[in-house]
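Before anything else, here's the structure in question.
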Amino acid sequence: MTRLAVFGAGRIGAVHAMNAAAIPGVAVVHLVDPVADCDALAARIGARRSDAHDALSDDLDGIVICSSTDSHAELLLAAAERGLAVFCEKPISLDWPTVVRVTDAVEASGIRCMLGFQRRYDPNFRAVRDRIASGRSGRLEQLVMHTRDPGPPPIDYVRRSGGMLRDQAIHDFDQARYICGEEIATVYALGNCQVDPAIGEAGDIDTLAVTMLTRSGRMVTMTNNRRGPLGYDQRLEAHCAAEVLFIDNRPQTDLRIAGPTGQMTAPPMDYFIARFEAAYRAEMEAFAAWLQGGPAPLAGIRDGFEAQRLAEAAVASIATGQPVDLEGGWQP
Amino acid sequence: MTRLAVFGAGRIGAVHAMNAAAIPGVAVVHLVDPVADCDALAARIGARRSDAHDALSDDLDGIVICSSTDSHAELLLAAAERGLAVFCEKPISLDWPTVVRVTDAVEASGIRCMLGFQRRYDPNFRAVRDRIASGRSGRLEQLVMHTRDPGPPPIDYVRRSGGMLRDQAIHDFDQARYICGEEIATVYALGNCQVDPAIGEAGDIDTLAVTMLTRSGRMVTMTNNRRGPLGYDQRLEAHCAAEVLFIDNRPQTDLRIAGPTGQMTAPPMDYFIARFEAAYRAEMEAFAAWLQGGPAPLAGIRDGFEAQRLAEAAVASIATGQPVDLEGGWQP
Amino acid sequence: MTRLAVFGAGRIGAVHAMNAAAIPGVAVVHLVDPVADCDALAARIGARRSDAHDALSDDLDGIVICSSTDSHAELLLAAAERGLAVFCEKPISLDWPTVVRVTDAVEASGIRCMLGFQRRYDPNFRAVRDRIASGRSGRLEQLVMHTRDPGPPPIDYVRRSGGMLRDQAIHDFDQARYICGEEIATVYALGNCQVDPAIGEAGDIDTLAVTMLTRSGRMVTMTNNRRGPLGYDQRLEAHCAAEVLFIDNRPQTDLRIAGPTGQMTAPPMDYFIARFEAAYRAEMEAFAAWLQGGPAPLAGIRDGFEAQRLAEAAVASIATGQPVDLEGGWQP
Amino acid sequence: MTRLAVFGAGRIGAVHAMNAAAIPGVAVVHLVDPVADCDALAARIGARRSDAHDALSDDLDGIVICSSTDSHAELLLAAAERGLAVFCEKPISLDWPTVVRVTDAVEASGIRCMLGFQRRYDPNFRAVRDRIASGRSGRLEQLVMHTRDPGPPPIDYVRRSGGMLRDQAIHDFDQARYICGEEIATVYALGNCQVDPAIGEAGDIDTLAVTMLTRSGRMVTMTNNRRGPLGYDQRLEAHCAAEVLFIDNRPQTDLRIAGPTGQMTAPPMDYFIARFEAAYRAEMEAFAAWLQGGPAPLAGIRDGFEAQRLAEAAVASIATGQPVDLEGGWQP
């Protein structure tokens, strides 16, 4: 039996805990959350509610980190020290020197560490990556990505999130590397506040356009915002030499209504936990399979480091109005 | 130079006259319409406005009959007598014995006679027919057709039209034979008045469902009405052994608007002359090519006879509530 | 705690058992299946594996009948005798006199009895029904339904199934009544064997077209077969006075690939358990809610009786080549 | 009668000449092309084949310039001198000082001068502009545009074209200004050669990504190339505060084919003259209406100047790797 402790029982923590507990051969033995009211969840999955110290002192195979961002680094270091496998939600830390230090420590420790970039496990994104990697589409030349939220987050969340680039766009930065299959050479970004002035007052942006060039000359463009008409907008266009791959948004139902002014389809899905239900299940299964001797998962701690480096470069580009050259090991 | 006279300068007559005049090697030398104000049209295409007698006495290669339905039979017979090629809009006549007599006379005369089933020349319908005929789709098993008008016609038109089955649904009956590539064995029809009571008072129906079986056992279903939300609804599903072919309605523009309640596309095209612009051009070109030595066109007078026989069978089925067996040469 | 026994642990039985067990306040205390290897399932949901006698002798609130068709009648009667609530998969029985007898007995007993027409709980079909019932669409005039299977069933299944009309099309007959909100007056059906000759040799059909008229004059057409290109084809068009409602098939993914010959979307979902996952969950929740004092569910035993009466009428229509008039209490 | 001379009888010249001749009250009296074999065209529209001198010496209301790019400036100046109205295809000139000089001269002369940005007259693009301008969509925040050709142009054309930015992308630069309704403040561009090395050897690019910021802070991204899978790709997304407007590519037919691997729609239109047929007709009608006393058309010479200034800024950005600040009257 693979024994796990789950840290954090918020929305995403509950998803991971339930998914982990449903995998044959996996037991969630500890659920650690000093705040959330998660007795019912613990009971349902057969876990004990523990504090971090007790959980880490038990005989574990791995830990699942879904707690608040400011606790990630410490838990990663604790796992590295104890030789525990880790599944960790992004980001590693909002403080860049800490990102560097933790990434190095985790790699030096040799533990298995998987980063929670669930979009890599989404059937659509994965199919795009696999089809391009297979050579069937011809060389990828231009990658166009869209990420939009159903609406602006609460200002409290904005303040704690590290900003739209490190919080939301980091998934696109990761996808850019994953789908292109190579590193980014330059980043240019426009960012401002067009949706909600309160976000600007909190020091963040809510509207974003990023243009990147990969080492081999591919172009990547991203447009992101915190606006609602497209629900949880997660589209992609991969322009390849032989074909173009699109990921469309899934409508909430398959109903279409034709009236005098046109035909109306249902609005797109607007909740990330529903949109990525299959992806969250698949990534936890991949983590469990890894612990049980299977292959390495699709995202490791170095991917978290690199995606965040791109987010930092975009922050720098917005601040200076200039593109950032990532070659030569640029760091913020 | 191929010399034509066009009879009738209403909406469809104007389309045919202009299309004919634009074909290299074709001249519309007479335009015959005692009623319509068509001097401008005649001038534009270089035709003389004539009466029927003068036109038929001239040296002609063929005539194009787009005049009112009650004049079709007489003009067809006149052409048969004079050995003139004919393009004739459907129907041959609203009176069945006349249909029989004129069809026989035209065939006996040996003249070239093309019927105006323009849907056979529509790029979509033709592609379906050709793909099925090529064997690529596998055997056609079920054919589902939809025809709807953007709205009920004027009651005056209803009275003169011969009824929805002979006026509107006749195109579907023709398509059934054309796409199946064989004759119909049985017809069962439901017809009533759900759209506009005035249509019922005028003795017609406005809502229709037809189910047919072909000789080899294929099933054909049609649903038709005079309702508007789908504009000029002209859809088709051809269920074959290896694939299913769909014809969708073309939206008026390619604009799509995403708002909080869903995504709205433009309404479908709602005017038959715009919807079948390419088909009308192609069928007149086919007629001209035939006169200039090319192959026979896709629809002849016997197709007009057979489509109308199916319409008559549907009329009989609605009247009796029973299916009509067309084998053994059923006639109304 | 609402205590249930589940009879039958095949594909659909496993779905219902898991869904029931996941509802707060519901316990599946017995799982009855003399054949299936369902120890793991029983363990997972905390049920005891029992034989029918033990299960029915226990203190139960209701039973869930997902066992083989030939056991439905006996279990329904057992429930009626004991005053147990029942959820029963369709059909009641393949033998019409038994259908009549069991329906009468269940109704006379006063027990709560829900029939498993899960399509009534599908978010798409339910939205269509609700929107029409609300008056917003205007009067429903024509209902067009399509049901196709991903491929022909095994011949063994064909032999036990009662035939395509009672097995597959019964869902469409139920939908016709549910969405029209009234009874059917006449049924006309074409049925033959175009997909797999072995089905014909087993005495069944695999291709079907049904045309029906409701009491108030609405038209309903169904086309069904056992062919694959549309996967698990479950489409609908509801033509109403003010708008047209469509249910489209859901593609397996949201990927679209543009190549030189066009744009390809993913194939539609092809497994009924995945297609109706939400519907199965919702119908079991409705059953549980009913037992816990909530409103009556969307389908009762009389709905099972009436849908099957329509299937029997279609069987008779195919046999005679004539429409069947259902008024005056027609029975096979 | 409005008397026009048309200069240039190539593909686009023939379109404009035919469209102009079909407008009531307009006569094309001269067709000037020293090279093209255009006697048949001249005969069809009732024009005389003339040389430039004779045509300009006649009594004209205006001229239509569709001749080769290197003749535009001279003809524009000739029209300015003679007080003739002009319709001129883009670009004004490939030489920037000439663009400045001609624009100033035309404006100083007071003649009516319309630039051939036909996309402004396309029903889709115009509907987007009008809907945004009406306020109904809320404030435009992000504009995403795609332009792709069905395939790389001949290398000869590449050499004469002024490069992809001045030849193809200039339409997008014009749309950016037209749809945003304001001027661009900064331009950042990536350009390289990924499609055809011969284009790179000829000194041009074939793949492009542009990011722009408008004065009020809107973001505009463009991705362009010379690749084929999307035909003549002309899509747009306008992300506004209340809704998102999309322009999709029109498929060549309305046929959809469902097979075992998915559903295939027809490929998009792949010829600009067919794609913009309605737009070309509408822009020539607007020019004629202007000459006959109607309102000014949607694009004047200053729009040609500004779109080209953006193209020059993109050229500069690609050369330097830096964004170009257009404020303060930047010129190349």
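In order of appearance the chains are A, B, C and D, and numbering begins at 1 in each one.
Definition applied: contacts are C-beta pairs under 8 Å (C-beta built on N, C-alpha and C of every residue); 3 or more make two chains touch, one makes a residue touch a chain.
Everything quoted here is computed from the prediction, not taken from an experiment.
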Task: Average the CA atoms of each chain to get its centre, and name the chain whose centre is farthest from that of subunit C.
output: D
Task: Report which of A-C and A-D is connected by more C-beta pairs in contact.
output: A-D
Message: What's the distance between the Cα centroids of subunit A and subunit D, rounded to whole Å?
response: 41
Statement: Touching at least 2 other chains, the residues of subunit D are 229-230, 242-244, 257-259
Query: What part of subunit A is in contact with subunit C in the complex they form?
result: 123-124, 127-128, 131, 242-250, 253-259
Query: For subunit C, which residues are in contact with subunit B within the complex?
result: 139, 141-142, 144, 146, 148, 186, 188, 190, 192, 194-195, 207-209, 211, 213, 217-219, 221, 223, 225, 227, 229-230, 239-244, 321-323
Query: Which residues of subunit C touch subunit D in their complex?
result: 228-230, 251, 258-268
